[in-house]
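Presented sequentially are two complexes of subunit A, the first with subunit B as partner and the second with subunit C.
And now, the complex of A and B:
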């Protein structure tokens, strides 16, 4: 009898632990969202600085797309306010990577401060801010969301992935700030809306 | 003393295993710090893949990632199992409860590690690999008792399941949710290498999981074969021992018959000698006849001692000692005897011939024992003891290790390349004569053998009490 209780307790503990380590179970957005396939007219000008918000490798994808579109851009994953002085547009690629942040020798708080500084500088210089969100299924979604909330309120155009865990937040940000939003099916489809912001 | 030593060794071994388990868990927990530079290499490879458009870099990044993750998981798993299995839980809990407890411990360790070092981990793949590893552990360890074999099998299982994390196909099932596997998948999709990643993951997962099961089966079957071979070897030894015993019995019977036949010529010699004595004319002839008669008597006693091994006579202890002394090999210059016989020893009740043979066996052992001194010194002391006499034989040889003392009474065991029959024979003979034999030895300090033989009074008391008990 004692052994059965012990076994039952162990089973419950194991199930709880499995649920806990797999948390959060992000729900997909059920709301029908009408997003733009691209912008009707360009909103951004060159030169562009492409930087990261969270130091994930997603920034390299956006840089590669920019290079393929032959947009005059400067790739600076750790750009600071001085780097963007003469720029017209800043592109944030949001995606938090704990290892990426460690590789750059900074902390999440440092990264947040850097982004806040860049946004202030961009607003002061009347720069266009574009936000690209490729991630959304990562397990560290809370930090992604935090970064998105910082940038999203000040952005001029958001590009994200359809069906990702971030979709709800992106729609929320777009609705609240009246920001144009494009959701694409695949990561390689980002090129089209990205180009529409410049041409 | 030897049993205590064995228990001590077991306790030390258990402590060493637990310490090893704790060390492995610490290494597993510190893994993100210890191998941080290798983790950074993965990110650099993903970047290279995007910059060059070469999905090959993604496969290299995946291999490095999966290798590191599987080593960490295996080390944590192995450390936990070492502790769980050496803390007595194995005896108290059933197999299923052990699996549950181990799962909880390993998941908690992974989770804590990811929270402390902010390095994401893969709960789904790790859990599945863990369940299979624990299942295999139960089967494999139960059969082979080898932690090394368990390690070889479990690392394959963990490595196989890590490959599911880089397959975009399994993203729906919460595989590859961590930071790096997700980056690998996103980059793969961007480079149109989704199918490549799916195929690569599958191509590694299937062979490794099959290999793990095949290896486990081979280990189990190898262990069973070894077990069977040992069993066969044991049975063969038993059969051989039985044959030897049967041959010895046959030889003994033949020698017995032969010795019995010796009695007939002895009777003739005795008869003719007495006749010759009666007819002898001078003292010299009579003296010779008496000496022949004495020799015949001695020989007759020896034959009786041999033929009737349970026959015992009341004799003076000095007679036994003199009989033994007469047979000591005193001619070897390298062996020095120190003989001390106490006066007024009690009479003893023994089979003189057989006891003398047993004591001589012990003395011969003392003579052949390896010695680091320039000469061998053997002490032969005979003293009165409570209800009998003690024969103490000491040598200045290299001695016997404490762990081996328990084996010296086993037939065939020898440290001097001898037959290994002498001491077991001596023990049997002495015990048959109601005596005891004890041995004390320490490595480097020589060996002392004490033989106790009961006095006549002791035997008579024993018989009296035995009769009263029977009444």
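And now, the complex of A and C:
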């Protein structure tokens, strides 16, 4: 019997321990993230190159928006460092697509190398770097995050989608790098912040 | 039962008690506990207090264009359709659905059933017709007031609205004499909020202080220049608002607003400056909100008064103002220099216009050419309190005075209270005046037609504060209203901006990004680009 009591007491202690470990001792902290509806002052100049980071079709949407706003831009999803020599701004539309990469006949590693080269060139030439992320559904994709981490720290302005899985990473990048961040509710709302970077 | 079993039972009970007690002690988040405490102490924090720089001019939205009036009335009176929360798309409001004929001349709105005005009367098609007749018919016994927006949009009384008819209790037909591309957008404007016909009859000319609509809040009281209080409409058709009351409290000085925000006596503070921003950013209990930049602040030049009727003089003035320096000195770098009169983010914006660069020497030469080698004297009018497009009016006026002195123009600054200011510039009494425009919806027509159509240069009703009259611009503006082809409209607006840029009826100065701050306890608040938003979705958490 003594043994049973001992076992039972042990069980109770174990339950208590589990409760204690999982209890919400601290209130879920509300992070104060300051997002802007657009930039208060323009930061970028034309001509602009719009390229992809991950080869998803999101780049086409950004290109359309740029054309509608009549911003002098060149659409080069596969731009390399030589293509951007005379450009003043580079826009990365981040979104990894395995199909997109496959269709271009490249690997993810090739894509990363291309982006790194572009960033180096952009920094050397004092270009403005804008990051646009509109693919909310691919939220937890490691490759997306990897691409964002490569570009994020070097970017001058980030535009993303509110409530998407990427939001956390974008907020993190913006906070760490003190980078202005705009989060829009839907893709078509990108036009306003995008225009605000140029005029 | 053996002793061992008893011990087992006691231990089990004790364990459960410990768990429950522990749970009660640490139970839920601190937030939940606060709510319980609040309920216990009958908390009265259901009043959302909005601190703002200016009082409303009127609470009859049909007779004003004034932002601080709309900020209140959008909570009381509703329109047939509205702009989605935080966006530009038109969504149903008092009208559940609508359809238009192919030529855009006939519109039929199917109205929402079961909606009542705050005075208990029924909202139906007859109420809609009653309101339209009041706005559009100068002979209507209740057409008492200016009805500025009706005039701006529809080109007079009745303008191009042919008729408004109730097809049955819940369908309204609106016939237009000519197509008007942004017609639906126009109906989202708070100026076209539907008021209770009984209240219109009862209060007549005093309706401006007795607004009765169908909205989420009911008007309670107005202590002029101090406070307006609204209370929750318990019977609101779209679900009761989250706060019991809203108070719009007038606190003219930025510093005082911010201090009250810090103290927690107000929950939202408008029109803050960059100095305030730094304070707010590091205050753990406050949050910064930026309103999308959708305005233009400009210096209106009265083109009917000499010497400003001479384009060369206006060009000289344009070359005499360093906008970049103005923004740096006065706008705390939170604004963009304006090239033209529509915001850069709006479709139809013409970014390829040639700017009038800052060049005081050229300005002096131009003045000499115009016959003023020694300059001249004039009066610059300015309002006495902050506006979204000119948050520091006196400093802006002083900057312009100093700038124009450098080119030989001697400026005297005259300050007016906002209400008087509006009345006088509507009448065209000014020579030059600081003013601006915040868009009501995302269409260039809302900016350019209002500011430059000859039709809007009627003294008393003017929105064209330059009193600029150009046949070319009028023609292009009309054409752009009557076509629905977007790319054609886009090119027409670009052309209009070119002509206006050449004629320089006034000097565009800045596009600002208004800054507000709120306490962290304010949830669900999204500043809308138009400068006003209905607050029924805003809630307060106990701090």
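The criterion applied here is as follows: the second predicted complex is superposed on the first by the 165 of 199 C-alpha atoms of A that agree within 3 Å, B and C clash if a C-alpha of one lies under 4 Å from a C-alpha of the other, contacts with A are read in each partner's own complex, and residues count from 1 in each chain.
Heads up, the rule we're going with is that a contact is a pair of C-beta atoms (placed from the backbone, for glycine too) under 8 Å apart; a residue touches a chain by one contact, two chains touch by 3 or more.
Everything numeric in this text was worked out from a predicted model, so none of it was measured.
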Which of subunit B and subunit C A:6 touches, first, second, both or neither: first
Partner chain in contact with A:134 - subunit B first, subunit C second, else both or neither: first
Touched partner set for A:36, first subunit B, second subunit C, both or neither: second
Which superposed partner A:153 touches (first subunit B, second subunit C, both, neither): neither
First, second, both or neither for A:60, with subunit B first and subunit C second: first
Residues on subunit A lying within both footprints (that of subunit B and that of subunit C): 20, 186
Residue ranges of subunit C touching subunit A (in the complex, touch as defined): 2, 4, 7-8, 11-12, 15, 18-19, 22-23, 26, 28-31, 86-87, 281, 284, 287-288, 290-293, 333-336, 339, 344-345, 347, 349, 351-352, 512-513, 520, 527, 529
Partner subunit A, residues of subunit B touching it in the complex: 36, 39-40, 42-43, 46-47, 50-51, 53, 94, 96-97, 100-101, 103-104, 107-108, 110-111, 118-120, 123-124, 127, 171, 174, 177-180, 182-183, 186-187, 189-190, 192
Complex contact set, residues of subunit A against subunit B: 3, 6-7, 10-11, 13-14, 17-18, 20-22, 56-58, 60-61, 64, 96-100, 102-103, 134-135, 137-140, 186-188
For the subunit A and subunit C complex, residues of the former touching the latter: 1-2, 4-5, 8-9, 12, 15-16, 19-20, 23-25, 27-28, 30, 32, 34-38, 40-42, 68-70, 185-186, 189, 191-192, 195-196, 198-199
